[in-house]
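First the structure, then my questions, so here it is.
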Amino acid sequence: MGLSATGTVNKAMDVDTVTLFLAMLAVLGLGFLLVCLVFSVVAVIHGSRTASKRPALPASLQPLRLGIGQVALPLAFLVALTCTVGSLYLSEVAKFPPCILCWYQRIVMYPQVIILGIAALRRDVLVKWYSVPLVLIGLAIAIYHYLIERFPSTVSFSCTDDVPCSTVWVWKFHFLSIPAMAGIGFALIAVLTLLACNVDRSAQNNSELDSAEPTNKNEDA
Amino acid sequence: MGLSATGTVNKAMDVDTVTLFLAMLAVLGLGFLLVCLVFSVVAVIHGSRTASKRPALPASLQPLRLGIGQVALPLAFLVALTCTVGSLYLSEVAKFPPCILCWYQRIVMYPQVIILGIAALRRDVLVKWYSVPLVLIGLAIAIYHYLIERFPSTVSFSCTDDVPCSTVWVWKFHFLSIPAMAGIGFALIAVLTLLACNVDRSAQNNSELDSAEPTNKNEDA
Amino acid sequence: MNEQKHEGADPYANLTNRTTGNRPKTGLIIVGATVAVVLVLGAVAFFVTRSENNADTAAIENDTGAQAAQNAKQEQASVTVIGEPLAAYPQTSSMVVPPGEDPAVGQTPPVLEGFSFDGSPVKIDPADGRAKVVIFVAHWCPHCQVEVPLIQEWIDEGNQPENVDFYAVSTSVKRDQPNYPPSKWVIKEGFTPKVMLDDPAGTAAQAYGLPGFPYFVMMDSGGKVTQRASGEVPIDQFGTLVTALGSQQAAS
Amino acid sequence: MNEQKHEGADPYANLTNRTTGNRPKTGLIIVGATVAVVLVLGAVAFFVTRSENNADTAAIENDTGAQAAQNAKQEQASVTVIGEPLAAYPQTSSMVVPPGEDPAVGQTPPVLEGFSFDGSPVKIDPADGRAKVVIFVAHWCPHCQVEVPLIQEWIDEGNQPENVDFYAVSTSVKRDQPNYPPSKWVIKEGFTPKVMLDDPAGTAAQAYGLPGFPYFVMMDSGGKVTQRASGEVPIDQFGTLVTALGSQQAAS
C-alpha cells in the first residue's frame, strides 16, 4: 500500500501495542474469572452453613453480586465487541491470515455482539439460553486451538508447505496467544451471561437475597 | 485420497446431485416466500375491510396460518441445518474453498442451528429478537455477494492471480448460485421466525383469531 | 386443509390437543407435506444427475479452438519463447491503454511456440505478415467468463476482419477452481480462435507482460504492438479497435 | 463497596433507583472501575511498546549462524546445485527413516553453494572429508520453532562431536507468516550452525528431496548419506544419531 520503511516499522509497533493491550485485557478478564471462582467457592462453603444448604454468598457480598448481575449483560456485550474488533484488527489491519479454527471461533464470537447487544437493551437475562451454548462451543474450539499451538506434534510431526493452524501469531506474557485470548473472551461471556440477573426482579426479592444467587447458579448446571 | 479416475467422476456426479438438490430446495423455499408474500397482501386487503383496519387473514386461512406458526421454529431450525450442512459439504467434501464473503455468511448462518434448535425446544417465539437481526445481516451480505457474482465489473475490471469472491462455483436453473441459495435460506429463517407463534397462547385467544396474526406482523415492522 | 384426519404422530399433538382441538393437525400436515416434497426433490436430483449425458457435442467447425478442445488431451503444455519479453504494462486506471502511454507500442513481441488442447502445435509469430489479436484468459476469472462469449458473438456476427487473426492463450489454469477444465469452457462457448495452452509457470503470459485477466495484445502485420488492454473491455470498444487494426492493414 | 456516594451518571440509575434504593450504585462503580482499568492498560500498552528497545544483542560468537544473522542483508539468496538430486523421501510413518528403507542412503547428495544472511558464502560440500548434518527449517513452522532451541541447547551442552559439522538451510521463507524474518529467529535462539539461505523456489530443499519441515540429512566423511529424518525428532534420538555418526568417523 505504498508504505515507506518507517511506515512499516510504525505499523509493526502499532500491531505490537494493540496485541499487548488485548493481552492485558485478557489478563484482566482472567483475573475476573478467578475472582468469580473464589466467590463460587465462598458461596458453596457459606451456603452449606445456612438452613437451605444451597450455595449462597454471605449477605455482605450480596450488593457486589447484584451490582455485577445488573451490569453483566452490557459487560458481556463489551467483551464480545472487544474480541470482535480485536480479531478484525488482527486480520484486516495486521494482516494475520485467519486459519480455519480462527474462522470457527469467529463464527461463535461475532454474532454475540448482536445477540448480547440486543439482550442488554432488552435486559433479557434469558439470552443465556442462546449465548452460553454457543460460547461453550467456541471455548472448546479455542482450547483445542491453544493445545495444538502448544503441542503441535499432537496433530502432526512435520509441516508441509501449507501454514498449519498451529502457527503462533501472537505470544504475550509467555502464555497468551490469539486462541488463548479468544478462550478467555468466551469464558467471560459465559460467566457474565450466567451472572446476569434482572434488577427489578431481584428488587422484588429484596428480602430473600439468598435465593437470587442459586437461581442463576442452578441454571448453570 | 487415493480416488481412482472413476472415483473422481463419481464424486463430481455426487457434487452435482447435492448442488441440484440444494438448488431445488432453494426453489421450494422461494415458492414459500412468494406464498407468504401473497398471503400478506391478502391479509392487508382483508384487514382493511374489517372493523379494526389492521391486517388480518380471512377466517378460512387462519388454521393454516396457525399451523405454520406452530411448526415455524422447527422448520426454521431445519432450514438453518440444511444451509449449514450444505455449506460444509461444499467446502469439506466438494472442496470449494470458501471466499471471505462466504465466511461472513457462515458466521451468521451456523449459530442459527444452535439458537433456533434451542428456541424450538423451548418454544421461545421471542428468539426472533436475536435471530432476525442476524439473518438480515446475512441476507444483506448474500445479496451483495450475488450482485458481484452477476456483475463482477462493479468491483473490478480484471482479475489478478488471486481468485476473487465473484467466481461462480455453482449455477443452477440460470439464477441460483451459492450466495443466492444462502440468501433464500436467510430470508426463510427470518420469515419463519417472525411467523412463529405460541400455540398455547393462540389457543387462549381462540375466539379472537384475527388478533393472532397482527401480533406477529407488527413485530415484523 | 382436511382437519378431520387423525393419523400420524405429531410430537406436539398430545401436548396441545387439549387446548386447541384439531388445529395442531395443520402443523402436522405442513411438516408431512414438506418432508414428502423434500424426499421427491432428493430423488429427482439423484436421477437427473445420473441420467444426464452432457451431450453438448454440437457441430463444431474444423480447426477451431473448440474443435481442438473436443479432443482435449491436456489443459497445460510447454511453451517456448523466442525473443525479448514485452515492456511492462503501465500503471493505468483505464482498461485500454492509450497507445501513447504504452512503452510496448512499436515493440515486437516474442514468438510463442506451444500446443493446443489436442496436442496440435500453435505458433504465435508476430513476423508471419498478418495482423493479430492475442487474448489471454483464465478459466476461473469471472471477467473472462463474461468477455469470451461476447467476443465469440462478435465473431459469429461476421465482424472479424479477414486480415486479422485471433489467438487465445489459456493461462493460470487452476484445477481446484471453477469452470475447470478450460477445454470444456472453450467447447461450451463454441470458441473459434485457436487456443494455445500456457505452462504452469505462466511463461507465455509473462513473456507478454500480462497485468491481469483478460489481457489483449494487438499487433499489425509488421509484428509491432499497436494496442494493449486488460479487463472486461466493452465489446463495442473491442470491435472498434479490431476493425481499426483491420482497415489499417488494408490501407497500407 | 461504598454505597453512599451518588456521583456519576449510571444510565440505569434513574430507572432502578425507585425499586432498589442504593444498590445500582454498585453496578456503576463496577463499570467505572472497569473503564478506568482498561484506559490505564491502554496507556501502559502504548508506552511499553514505544519505549522498548528490543536490544537483544547479546555477545554472539564469531562465524556462527547467529552472527551472520545480526548483519542480515537478505533472507533469501540464490543457490547453486552441483550434482544429482537425492532420491525421493520414502513414504513412512516414522520420523526417522530406517536406513534400510531409504533409497538415498549411500547416495552422495549434490553440492550446495549459497549465501548466509550477511551475504557471506556458505558451501555444503559432501566431498570435503567431514561428516555433516544438514537441517532444513522454515521460520513459520511450529515444529521447527520447537526443534531449533532443543538442538541449540544440545549443542550448548557440548554434545556435538568435533568431527561432525552442522549446517542449517532456511527455506520456504514467507514474508507474511509468523516469526519472520528468519534472521531474527536465528539471533533469538543464538543458533550457532552456519545458515544457508534457500531461494524463493526452494532449490536447495528440492535438491535434497525435502518431504516436510524440519528435515535432517546426515552424511559421513565420505559424503554418503547415512540417515534421513523429517519432523520434530525427539532430541535424545537426534543426539544418539549424531553421536553415532561422530564415533563412526572416529573409528574408521
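To keep things simple, chains are lettered A, B, C and D as they appear, and every chain counts its residues starting from 1.
Convention: a residue touches a chain if its C-beta (ideal position, glycine included) is under 8 Å from a C-beta of that chain, and two chains touch if they have at least 3 such contacts.
Computed from a predicted structure; not experimentally measured.
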Joint neighbours of chain D and chain B, given as chain labels: A
Remotest chain, chain D as reference, centres from CA atoms: B
Between chain A and chain B, centroid-to-centroid distance (C-alpha), Å: 30
Averaged-CA centre spacing for the pair chain D and chain C, given as whole angstrom: 44
Centre-of-Cα separation between chain C and chain A, whole angstrom: 48
Shared interface positions of chain A, touching two or more other chains: none
Junction residues of chain D, two or more chains touched: none
Graph class of chain-chain contacts, one of line, ring, star, complete, other: line
Set of all touching chain pairs, with the criterion as stated earlier: A-B, A-D, B-C
Sites on chain C touched by chain B in the complex: 1, 3, 12, 16, 19-20, 23-31, 34, 37-38, 41-42, 44-46, 48-50, 52, 95, 138, 140-146, 172, 174, 176-178, 211-215, 230-232
Residue numbers on chain B that touch chain C, as the complex places them: 13, 16-18, 20-21, 24-25, 28, 63-64, 66-68, 70-71, 74-75, 95-97, 149, 152-153, 156-161, 163-164, 166-169, 199-200, 202-204, 206
Chain B residues within the chain A interface of the complex: 103, 106-108, 110-111, 114-115, 118-119, 122, 124, 126-127, 129-130, 133-134, 137
